[in-house]
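Across the two complexes that follow, chain A remains constant while its partner is chain B and subsequently chain C.
Then we have the complex of A and B:
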């Protein structure tokens, strides 16, 4: 059996290395995607344009403004015109937040235990608005502490694994899942359908090779390619984006192999059903790309999805792999901790392989 | 003029005969909008939380109660011991932990300022930051409340006053993601529909050879392009109206700004996408290639538009690249008009580049189209 797989494997490799386009997709695309999107996907809100309308002009209000100027999140500018003009700052997008200090601010501060200032936030982007609110609250807390007024207890915070809350830590390993899924599922599905389209599949089928041998021989080169991609991604993640690597590299590679296997079997399943390359490609894009982006936790937190979409996410392989790669790279998760995820992936690939092998056999017989 | 009308008539007949094409135009946007409108949520809800309460007094229980009653947090249980806590966060069972030390309530009464600890899993930096903000807010409120409740009037004199920010969220009171995402989604889907349709439509004629036939008729190139583009223009308008209806019916979103302004700016934007469609059709020989090239353009346009990822957070070079992306302007325009009812005088920063882009790409691809034909 072994001796018959190797020729198929060699043939597939020759196919791939002759096809310049495919090679480009496999080698250049992951790196390009990682560079392009690794930098583009950044949720850290910075340089918030804040306009201060200071009606009080007291040392206290000046101190408050200085507090905002001292924060690295805000770019502060002063405004002294009428209040009715304030909305134009949101309309022409010169400000994302406005701080209004009323004329009795310093007086109130001495007389009352709690005095108010108004903060207006352009909340059309709700995510940014939340971040802006958190940053302003932090500035006020530090201002109050300077005044000598503090609540009855201290709040101590500790951020684990990603103290600077960098987006890249989260998204770059996520991109690995997306790229591996695309390469493995898309390329295998096309590879088999191409043979069907050009009619060479018939030629292979009349040879004494068994279907399972054909499948193995065709799939192994893509496993190798996906592995090369994985290594490219890991190198860029660690040395370009400074994503730490605390876990076991051997374990990560093993877990990735399971995921690559799942993706490949998904591609195989598609290819046994599709008749033309075009259909195969559309199907592969539809069942791999979109769910991997939208329903895997790659960008959007799964807990925030509506219930029915949450159920759908259990069928998305990337959902499990994302936990694994992020967990191993950043948290140092071990096999015991990731057993549920990896077993689901393994079960999925076995199921898909059986389905596609059955289908493959019937095509052969008919 | 007459010739163009004939062409348009022919084009419409072709479109209505082609069921997959109609499907792409009308059905797909509705389904995609409904699903994605719900799926694309950056809301941070149900943050998995564990609490370690070593104090077990009414004060500490009040803190637990406040976290349990807050919809942002889903309290998954109470724990003891640091190792247990580490395990929970390592195992993805909790994203946030609150630790209330022993003697907490007694110490705060005695003004010893005990420390309450929040630990957050920072992996997903965005939701971690937001979760941390909520937790700090709850605790800071309670700390201030305890202070005012316990203080006698004379104590005010010794304690300095404090400042409370009164925050108002304009345009999106409840901070709902859909209010921001749905207008962006409409912009993206309109791009998909118009670019795919126009590029595939022209390439199909190439594939089946009818383009040659059209060429030998006395019709002029510009008439041909106009006759090809106008139907897609009209279809794009239909798709837009349909999506606005979905926004209203499914998401209860209405356009706060001027509807006429929205449609006329969309018309301006269609110049760009249809121009790109023609451009793609000159590059591709088969529909499959056209689809692939369109995909490539789409992914770039979506990522670099600010639709999902704020442009202001990108590196300088990336930000500059986004100025070449017509979708960037259109996403902004739709959001401004939809949510903020921004009047036209504040929108020129988007309208002018969009107009320039549309005219340049449309005339360039029309020229390329003609050259290639001759």
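Then we have the complex of A and C:
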């Protein structure tokens, strides 16, 4: 018997190739997102407006101010008015941070080898506030070092795997997860539901073809598309954003294939429940896009989530894939080190495929 | 072997329930090979549900049935090889060319390359579309699409053809052309099982059954039904029966 998967597969390819807009989105999306994240969304803040209220006016306080002026992170201006005015600077957005040096600053420094200054930070944007705090601390450390004063102990932090803390390292794996998820889950679920809507699915099902042949024939083109996207991401990541590639590329592709299967089976599960393309799209966005961004550790560390959401993340496939792709790309992890993650993804795929294969028959029967 | 009972379609007390809703009750049918059998009824009378059970798209809730001599509970695969099915939606892919649609459906039925080429040429010739094989289906008039869809449903040369409201939304002339096609099929010995709610089409059938709220309330030749209920047309027979 001639395989009946091939005609399904060929037809699906024709659909994709004739739908120019979708094709462009599929090809252009990974590149566009990479450049957007890489250039537009910069985690570094520069030119932070800092107002210095110097009550001391000593050589020491002037040196501290110069330290801030020398930093590329701050744009410094002086202020000498009353402290009650300070809040208006935040309200008028003339300052994001205010440094207050009290009049006994240099006196204390000479007496005790320590003296306090106060920094006010506008935390209406908490992430920026956190960054500003880190930058001010760095400036103070450098100031202390110049004075030759040393704390009781010193922290020397060695940052591994991403020594320059480049943001590309963090968003490339996340984007890979996001794009593979969207292509595999969203497009396949729409492709299947579309045939239910137009009635062609029924026409195929009255033929002797088996549901599994329909499914395989329909998903292969999307696996290929997902793989092309993955390669685009990796090529741009490596050659444009200098993301290193420590691990084995073959292993990364294999691990990605497992993740693609999980996403596909999620898409199939959606398609067996949704009756219209709109419903399929909404459902796919809800179960793929949001969890992949919010609950996978892509942007927010899992540890910082509330307990209940942390539990939820165990059901998010991207959570496991992110560990795998970060581990392989940045640390050179091997299969044995990632066995738990890959097993979970494989188990998820098998479970979802069984559920959707059962449902695939019965929904078409209603 | 097959067709031990000699009927193309036979059912006994066939039933389908969806929850509390009884879509089809007590369906008893015997359709002879080579017959044009009309299945009439208002929308929602259960025609489509019945036809879907016979085509293997839906499992019955109870009862017995055979299609082409094969059991509808257990021998779905064998039935599917021997039936053709076309629904109101015509089920062609608008973004595929005519030739691609034919090749796709031929491929799904496992036709060989040679069979496919022969069928494609024959079908396009019959439709007078030989020079337009590479046009997109969406650009074709509805009447052509409908006949092409029927052609696609017949690529594997089925013995029994199920047509679910095949003429919905088509203009009167295209409908007449389509019925000419149905007659030609019946002449070649194929059984045609057709649902419709156009009562004038009922006159073209060898026998008709009228379905009402999931049950068959009348079954005979159009002539006999008109005689029995003393009505001039099938339209009047239908109204007479439903208003009772």
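Keep in mind that, in the parts below, the second predicted complex is superposed on the first by the 351 of 366 C-alpha atoms of A that agree within 3 Å, B and C clash if a C-alpha of one lies under 4 Å from a C-alpha of the other, contacts with A are read in each partner's own complex, and residues count from 1 in each chain.
Here is the rule we go by: a contact is a pair of C-beta atoms (placed from the backbone, for glycine too) under 8 Å apart; a residue touches a chain by one contact, two chains touch by 3 or more.
This structure is a prediction, so every number in the text was calculated from the model and none was measured.
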Task: chain B versus chain C as contact partner of A:130, first or second or both or neither - done: first
- [ ] Identify the partner contact of A:122: answer first if only chain B is touched, second if only chain C is, both if each is, neither if none is.
- [x] first
Task: Per-residue contact with chain A, leading partner among chain C and chain B - done: B
TODO: Once the structures are superposed on A, label A:204 by its partner contacts, choosing first (chain B), second (chain C), both or neither.
DONE: second
TODO: Scan A:69 for contacts with chain B and chain C and give back first, second, both or neither.
DONE: neither
Task: Common ground on chain A, meaning residues reached by chain C in one complex and by chain B in the other - done: none
Open item on the list: Touching residues of chain C toward chain A in the complex: what are they?
Closed with: 18, 55-59, 77, 80-81, 83, 85-93, 95-96, 100, 103-110, 112, 153, 156
Open item on the list: For a test of understanding, state which residues of chain A touch chain B in their complex under the given definition.
Closed with: 36-37, 39-47, 64, 88, 90-93, 108-131, 133-134, 136-138, 140-141, 143-144, 147-167, 169-170, 277-278, 281, 285, 294-295, 299-301, 303-306, 309, 323, 326-327, 330-333, 337
- [ ] Quick one: which bits of chain B touch chain A in the complex? Just the residue numbers, please.
- [x] 35-36, 38-48, 74, 89-92, 104, 107-109, 111, 113-130, 132-133, 136-137, 139-140, 142-144, 146-148, 150-151, 156, 159-173, 175-177, 179-180, 287-288, 291, 295, 303-304, 308-310, 312-315, 318, 335-336, 339-340, 342-343, 346, 349
Open item on the list: Which residues of chain A touch chain C once you look at their complex with the stated criterion?
Closed with: 1-2, 4, 6-8, 10-11, 14-15, 18-19, 198-200, 202-209, 364-366
